[in-house]
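Once you scroll down, you'll see the structures, which are given as C-alpha cells.
You will see two complexes here that share chain A, one where it goes with chain B and one where it goes with chain C.
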Partner chain A sequence: MPELRIEATVNGRKVARAAKPHLRLLDFLRDDLGYTGAKEGCGAGECGTCSVFVDGVLLKSCLVPVAKAQGTTIETVEGLGHAGGLTVLQQAFHKAGASQCGYCIPGMVMAATAALRANPLASREEIKERLGGNICRCTGYQKIFDAVELARDVRNGRRPASALAEEDPVDGAFIGASVRRLDAPSKVSGALKYAGDMVMPHMLHLAVLRSPHAHARIVSIDTSEAEAVSGVEGVITAVDVPGIDGFGVFVHDQPIMARGKVRYVGEQVAAVASEDPLVARRALARIKVVYETLPAVFDAHEAMRPGAPVLHDYAPDNIVKHIPIRVGDVEKGFAESDLIVEEIYSTQQVEHAYLEPEAGLAYVDHDGVVTIVSPSQNITHHRHMLSRIIAQPISKVRFIMSPVGGGFGGKEDMVYQGMLALMAMKTRRPVRLVFTREESIITTAKRHPSHTTYKMGLMRDGRIRAAAIKLVSDGGAYGMSTEGVMRKAAILAAGPYSIPNVKIDTYGVYTNNTPSGAFRSFGALQSQFATETHLDICAEKLGLDPFAIRRINAMRDGAVTHTKQTLKSVSMLRALDATEQVSRWETGAPTSRGDVRRDLAGEGTRPPCTLGTRFANSAGKDSESEVA
Partner chain B sequence: MARKRGRGVAACWYGIARTATVDRAGAWAEIDDGGTAKIVTGVTEIGEGILTVLAQIAAHEIGVRPQDVTIGDNDTARSPEAAHAGATRQTYMIGNAVALASRQARAALVEVLARYWNVDSRTIKTAAGEVWAEGTNHKMPMSEAVHIAKSRGVVPVGSASFGTDTTGLDPVDGSGRPWQAYVFGCQVAEVEVDTLTGEVQVLGIWAVHDVGRAVNPRGVEGQIEGGIVQALGQGLMEDYRTVNGHAATPNLAKYILPTSLDVPHVTSVILEDPDPIGPLGVKGIGEPAMIPTIPAIMNAIYDAIGVRMTSLPATPEKVLEAMGRRARAARQPVAAE
Partner chain C sequence: MLICDEYLTPTSLEEAFAAMACHRGECRIVAGATDLLPWAREGRAGDVEIPTLIDVSKIPELHERRADGKRVRLGAATPIQRFLDDPALAAALPAMPRCAVWFADDQIRESATIGGNIVNASPAGDGIPPLMAHDAVVELAARRNGSIVRRKVPLVQFITGPGTTTLAPDELLVAIECDALAGYGGSFEKVGHRRSLVISIVCLAVLVQLDGAGRGFEDVRLAIGGIGPVPRRLTAVESFLGQGAVTAARLEQAAAMPVELVASRTRQAYRRDIVRGFMLRGLIDAVRAAGGGTLTPDLARDLEAVYA
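After this line comes the complex of A and B, so read on.
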C-alpha cells in the first residue's frame, strides 16, 4: 500500500510526515511523533485514554484513521500547557489528588478540558456526564470531579488562584499533611513514560501465539515457516528455556510458554519478534501446532471429584491448597444455639481492568545482564524466578519497575517477562511487548470466584456461638496466588468477631478456566461478603439493629483471633460508633424498612440519575447563560 | 413507587503486610548536597501515592521538605530489596524502613554538628531544611551542614530493614500469628432500586477505616474512594464469564466497568489507632477499603426491596429475578390454603 502524506498542525507545530495508511491517529501521534501522552487503554473506543482534540473536537484517536488527520489542527495533552507549564485544570488535578496510577489521566484531562470549554460553569452533575466516556479504575472519580470543579471556580474567579497551591503543613509536620502528590505533574501533563511508551534503538516487537484449547496435549510445534518470513528476527517456544522452567507466586507450576500441554484458552505457546509489529503478528499464523485435545473441567466442585481430568501431575486431586481453621467444637456450639442460620453465597470472577495493559521492554546489556523493564508488582521475586529459568546467577538478571498504570494484584504474576527475556537473549536486541486489551483480559489472572456454604449458630441475645464456613474457589489453570488467597480468605472469614467455636475450610482448585490470582482484598473480600451479609440475616431474625449485633460480637482490646493470636489494640468498636454517627443511622432491625426509615436522602448522598437528564437540564442552562 | 431506597451496613477487618510469613523491607537514606535527601528502596508507586508518602516520611524524619526528597528508581541491581507492591504493605513496611534509615542518616549528620558546635547532640534540631542547636545561636541551612559533614569525612547515610514478627499457620487447626498489625473498618451504603428495571444506584457510602496513622489524609481518602468504586463494580455489574474456557467478555464493551455516572458520593472518616510495634504507628488502607462495600450494598438492597442478593453481581436481571421469586413465594402459601 502506498504511504500517505500527512500534513497537520500538532500542538502548535506544523508536521509533514509519510504514514502507513493502516495506522490510526493514535499510532501516528505515539509512534511517529512521540506524543505518548495519548494512551491505548482498549483500542476500541471504550475507555477514553486516547482522547485528543482534532480541530477542537474531543475524539478517541484509536477510532480515527490517520488519513483523517490530513489538514487538521490537533492538540494532545502535551500541548495544553504553555512552555511546559500546567493549565489551571492540570494544576487542579494536582491539588485535588485526582491522579493515582495516572494512566487514565491524560485522557481525563482532555475530556475535562472539553467539558469546561463547552460549559465554563458546568455543574458537578454535568461534569460527571461529560466525563462519562472516560474510565478510571483507581480513583473512584470523586477527586477528579473535585478537580474539575476547582478549576472551574478558579477560572471564573469564584475561588482564588492560591486554592491551587500547596498548603503549609500545620507545625511543619509533614507526616499527617495532605502534601500534593509529587508524581502528579508528570501524570497530568502526559510526560510520564510507562513501559509501552518506551523505545530503544534497534528494538523488536513481540507477538504471542496463544492456545485455542482449554486442555490439550501439544503433539508438535513447527516454527520453521514463521522463521523464514522476511522481517522475522526470532521465534521462541518452550525449547528455548535454558534452565528450570516454572514460575508462580507460591508454586512454580507455570511454564514461560506451554510445555507439553496447554491448560487454558489463551495460554502462551510461542512468540515471534520483528521490527514491524504487523509482521510479527502475521507470522504467528505460520507456526504449526498440532494439538490432541484432552477432557477439560470447568467447575471447581467437579474438579474435586474423583475421576475428574487432572491438570497437574503433582496435584492428582486438583487441589491447589486447603486451609483449615479450628476453634472449639462447632457441633457443640450449634447444639447450644437458640438460632441456626444457613445460607449459600457466591461471587464471580472479576477482571482487574487496570487501564494500562501489560507491557515490557527487555534487553541484554553490555555486561551480559538480562534486563527487563516492566510494571511488575514484584520485581524481587521475579528476579529470583527468572534467574533459575534462564540458568544465570542473580547478578546477571535485572528487573526495573516501570511506572505501573494500575495493578491491583494483577501485575504480580510473571506472565510475560520470561518471554521477553528469552527473545532478548536469542536475538541480542531490545524487545518490547504490549498486550492488547483482549490479551490482557483473556490471559491474565482474575479475582477468585467463590462458593461459600455458611452456617451460624447464635444465642437469643445476639451472641454468636458457632460458625462453620466452607469456601470453594476456582483457581483456574495455574496456581499463581491461589494458595495465599485461600489463606487470607480463611484467616479473615469469620470477621472481626469473637466466636468460641469456629470451623473454616477454604479450597483453591485447579480447573481449565482462566487462572485466578491476586486481586486487591485477596480472598478476604469474598469470605467477608458472606459473613457480613449473613449477619444482616441473623440480625433480622433476632430483631437486632445491624450495628448492635456487630457490637455484641466485636473483638475488643485483648481479643483472641480465630488463629489464636492475641490482639493488643482493636479499633472495631470505634469504627462502628463512628460509622453509625457519620451516616446518621436510624436504629432498627434490618427488616426491609426502606419505605419507613427517615435517614434517607440526606447529606452525603448524590442525586439519583436518569441518563441524559442532567445534560438536558444544564444544556438549557447553557443557553440561558449565553443569552445573559 | 417504582424507585425504592434503603440502607445497609457492613464491617471488615484486615491484616497488614504479607500473610503468615516473615515480611521485610529494606531502605537506604542519604542527606545529600544542597540539603536534599535521597531515598532508595526496592519498591515503587503502583498508583496509591507511596512515593509521596515516603518523601513525607523522609522529610519529616530528616528535617527537609518533601519536594527536597528524591526517591530512586526501583531496580533490583541498584536498590535494596523491599519485596512486592501489594498486601497493603507499602506504607507499613517501606514507610517504617524509610523512617528508620532516615533517622540513622540524620543521626550521622547530627553527630558531626555536635562536635562542630561543641554541643550535646540531643539539643540539635532539624526541620524544613534548617539545622540548629537549641539554646544557642548555632543555626545553618541543611546544605551547609552536609558540606561540613562531607569535608570531615562523613557521608550522612543510613540503612534499615523493617521486619515483622509473624509465623505460619498450623496445618491442622490454623493457629498462628499471620500479621502483627490489624485494621478495622465499617461502611454504610444507601441505594435506590428501580423496581421496574432492577437497576441499583448507590447514592452514598459512609466509610470509616482505621489506618493506624494517616501520613497523607487526602491519599487515604483516594484509596477509600477508589476501593469503594472497584467494589461497587464487582457488586453490581462486573462479571468475567467463560464458556467452556473461552472468554465471553473479552473486551471493555462486554466487560462493564463503573463510570463517572455510577459512583456514589463517598464520605470518608479516617480513624487512627496507632500500630504499637512499628516506629511510625502507621498501618494501611489499600485493600480493606473495598471489603465492606459489597455487603453494605447488598444489605441496603434488602432494606429497599426485601430481596437478599447472595450471588454476585446484583445485575438488574438478577435483581428482577429475585424479586419475581419473592413475589411467587409470597403468593404460594395463600394458594395452598
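After this line comes the complex of A and C, so read on.
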C-alpha cells in the first residue's frame, strides 16, 4: 500500500505526514493530527459535523479523500479563535444558547463562519440557506440562527459588543435571567472530547460482526481464522462472558453478544480488536458463523397469536409486559352514552438520530478496575448489570459518562459497553468502539411502533362517559425499556380528561424487529396521538368545537387521575386558552368551516421552504435593509 | 468504507490515460468523490476495495470554462457551485443557477462536479435536464494507439439507462459543450424530502425566449428528470408551445401534456401531480424571467390567472 505524502498548512502550522491512501481528510485531521473538533456524524455528507475550510472553501471532510489535501491550507474549528479565545461568532453561540449536546456545533460554527465570510450582511433567510447542509437534532435551529444574526450585527456595529456578554442576574437571582451555559465555550470551540474523540496509548479499535438474520439458531462460530490474522489482538463472542449474561432496563433478556441464537438483523455476534481499524474490519469476514434460520415474526399482533414463533423461552406468549387499568364499568358507560366512536390509530418506528453515533472507550486500570467511558444515559444501572455479567465486585467496575452528543432516550441501553469491557479484559489494552451511522440506526432502540384501538362513549353535550383503549406496541427483539414505556402509555392513555369509566390495556410484545426502547415522552406520544385525534373526530361527530370538547372533559384542580392520583393543580384549561389564542383559532365545529380556513397562514406561521435568497440579493434587493 | 491501495492524482490527460492503461480493470475514476464515498457504505455497496483510484480533478483541461455568445464549453471537473457564483456561466445558462442552489448544499457543490453528475447517470441527476435543454454534447477522450482521440456525443444519447452511459472503459468525459442561451428566461423546479441534500423526486428545467412582440415563444426548451429511467427532453410540448401565443389556456394545456410520460418505478400518482404543477410554475417563472419586467399587460394578466 503506497502511502501518500501530505504536506499542508493546518491551522497555521506546516504539516508533513505520510497517510494511507484510503483515508478521508476527516480521518487524517482527527486520527493523525488530533483535531477532533471536526466530528463524524454520518460519514456520508448528510450532517455537516465534519465541515472544515480547505483553501478558504468550506467542505465536508468526510467526503474528501485525503490526497486532495495535498498542498492546501486547512482551517478547522480549533483554528478559528486565537490562543484559546473565541471568535465573535463563537461568543454569539455561547450567548444565544445555541449549543445543547454540542455535537453538531463545531460544524455549525464553521458553516456560519463561511456564511458571514461570503456575505457579512446575510439575512436570516440567507443564513438558513447557507447552513442547509448542517443538521442539528437538539436546538430546533432557531437559537443557532439567532446566534449568527447576533454575530453579524455585532461585527457590523449594529449591536454593541456588550450584547455578547453575560446578562446581569435579575435582583441577584439567576432564575428568570438568560444565563449562558457553562459548558458552551468547550462546545463552540471544538475543545470538548466526546467518547469517539478520546484516545489512549496502545489503544485498540473494535469492529463488530452482526447478524444478517432476523431469527436464527447459531450452530457454530469459528473465530480461528480471524484470530490468526496479523494485527488482530483479540476476538470475542458470547463464550467470553465470565458471569451471568444479560442486560436490560427492566428485564435482563439481552446477552452482551448473541448467545445460542440471534433475534434481529444487526445483533452483535462477535467482535475483533486491532490497532488498525481496517485490519479489524477485514478480519470480520474471516469469522465463520453457521446459522440455522428460524421462523420469524415481524408484527406485534401476529406475535401474540398462539403458535407464533417464540423469541425468548421465558416468555412463550411473546408478551414483554401487559399493563391493565380498570376504572368503573365501561360496558355500563357505553350503554349510557348517546354516541359511540371507535377508531384505530397507529404510529411508526422512529430513530432518535442523535448526531453522535454510539462510542465508547474501555480499559482495565492499574488496580484491575474495568472502566468504561461512554455517553451512557444510565451509568449506575449499567455498572450494576456489568458487575454481574463480568463476575466482578462492584468496586472493580467503573462507568464514566462522557459528554452525550444527543441521547433522547436512545442511549439508556447498555448495547455495546459490555463488548468493550470484555475486549479490554481479554486483551488488557484500552479498546475503543465507534459506531458508524448505519450501525447506530440498525442496532439501537427505536420509538415503539404502536397500534391503538379506541372506543369512546360520549353524551350529546360532549361529556365522555367511557373509554376502552387497547394499545399494542412492537417491542422488537429485546425488552430494553418496553415495560416502562407500556406503564407510561397506560397511565396517560385516556389523556388529561375526567372519564368515569375507563378500561386500558397496553401490551409490549416481542418481535424479530429492531428492539424498541426509550424515546422522548416514553410512551406518552403514542397514546396521546390516539386520544387527541380521537377527540377531534368525536368533536366533528357531535358538532362541537375541538377546544370546547376538551374544556368540557379536562381535569380540573383536585381531579383524580385514572390511576388514582389526586392532582392539586391542573393547568390544562390555561394551556387550552393559551393555545387557542396564539393559534388564532377559528372557533367552530370542524364541520362548520367552508373551503377556506382563516386561521392558517398569517403572522407567526412558517412559510414553505424556498431557496434562492442570494438571487434576490444579486438582483439588487438590498439584504442590509432586511438586516436593519 | 472505500478502501484503495493507491490513490493517483494525474495532472494531465496523458498522465491520466497512462494510469488508466496501467491499472486497467483495477481502477476507478474519481473527481469530487461526493457520490463515491457515500456509495461505499453499509446499505449501498458496503465495503468496496478498489486497487487504484485515479483522481482527475487536478487536470487543468477539466477545469476549462468558456462562454462566448453562442457556445459554452465546460471542463468535466467544473464544480456545481460555479453555476451559482460565476456570472458568465449564470448568464449563458439561465436555468443552472436555480438548479445549482437546489443541488446538495453549498459545501458539497464545491466538490461535486458536473462531469460526475453526468457519468453517474442517475434518473434524477439534477444537472442533466438543464444541460439537455441546452442541447449539450459531451466530449469523450481516450488514448488509443499512442494518441489521444476524442469524440462528441449528444447528452441525450450518452445516457442510456439508470447509471449507464456509452462511456467506454478507456474513455474519460473531459468536457461538456452546449448552447449559450443568454437572454432566455430560465427556471428549475425540484422537489425532494427536504430543502437541502436530497435526491429529486422530480426535477424540471425550462428555458424560453419570447418573440419580438412579447406574446409568443421564439424558442421553448424543456427537460425533465425523475419520471423514468433517464432524464429527457419534452419535445412534443416544446413544439406545441412554439405554435401559438402564450396564453393561460395554452400553458395549462402544455402543463398537462407530460403527465402521461411518468413511468417511474414508484410514486407515479404523486409524480403526475407534481409534473403538472412544475410545468405551470416553471413556464410562468421562465416567461417572467425572459420578459425582464417588460411583459405586455395582457400576458402579465394571463400569468396571474394561471397562478390563481
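General observations
Following the convention adopted for this analysis, the second predicted complex is superposed on the first by the 601 of 628 C-alpha atoms of A that agree within 3 Å, B and C clash if a C-alpha of one lies under 4 Å from a C-alpha of the other, contacts with A are read in each partner's own complex, and residues count from 1 in each chain.
The definition used in the following text is that contacts are C-beta pairs under 8 Å (C-beta built on N, C-alpha and C of every residue); 3 or more make two chains touch, one makes a residue touch a chain.
Note that the coordinates shown come from a computational prediction; the quantities given were computed from them, not determined experimentally.
Aligning the shared chain A places chain B and chain C next to each other free of steric conflict. Shared-chain residue A:278: touches chain C; no touch with chain B. In the superposition on chain A, A:132 makes contact with both chain B and chain C. Touch counts on chain A: comparing chain C and chain B, the chain ahead is B. When the two structures are aligned on the shared chain, A:58 is found in touch with chain C, with no touch to chain B. Of the two partner chains placed around the shared chain by superposition, neither chain B nor chain C is touched by A:459. In the superposed model, A:199 makes contact with neither chain B nor chain C. Within the superposed three-chain model, A:609 lies in touch with chain B and with chain C [touch as defined at top]. Of the two partner chains, chain B is the only one that A:399 touches; chain C does not reach it.
One geometric descriptor of the composite model is the angle centred on chain A: between the Cα centres of chain B and chain C it reads 130 degrees, in steps of 10. Legend: residue contacts after superposition of the two complexes on their common chain; A:46 is shown touching both chain B and chain C. Of the two partner chains placed by superposition, only chain C is touched by A:21; chain B is not. The superposed arrangement places chain B and chain C with a least CA-CA distance of 5 Å. On chain A, the surface touched by chain B in one complex and the surface touched by chain C in the other have residues 44, 46, 129, 132-133, 438, 442, 609, 611 in common. On the side of chain C, the complex with chain A involves touching residues 1-7, 9, 30, 32-34, 37-38, 41-43, 47, 53, 55, 57, 84, 97-98, 101-102, 104-108, 110-111, 194-197. For chain A in complex with chain C, the touching residues are 1-2, 4, 21-22, 24, 43-46, 48, 51, 57-60, 62-65, 67-68, 70, 111, 114, 129-130, 132-133, 278, 281, 436, 438-439, 442, 609, 611-612, 614-615.
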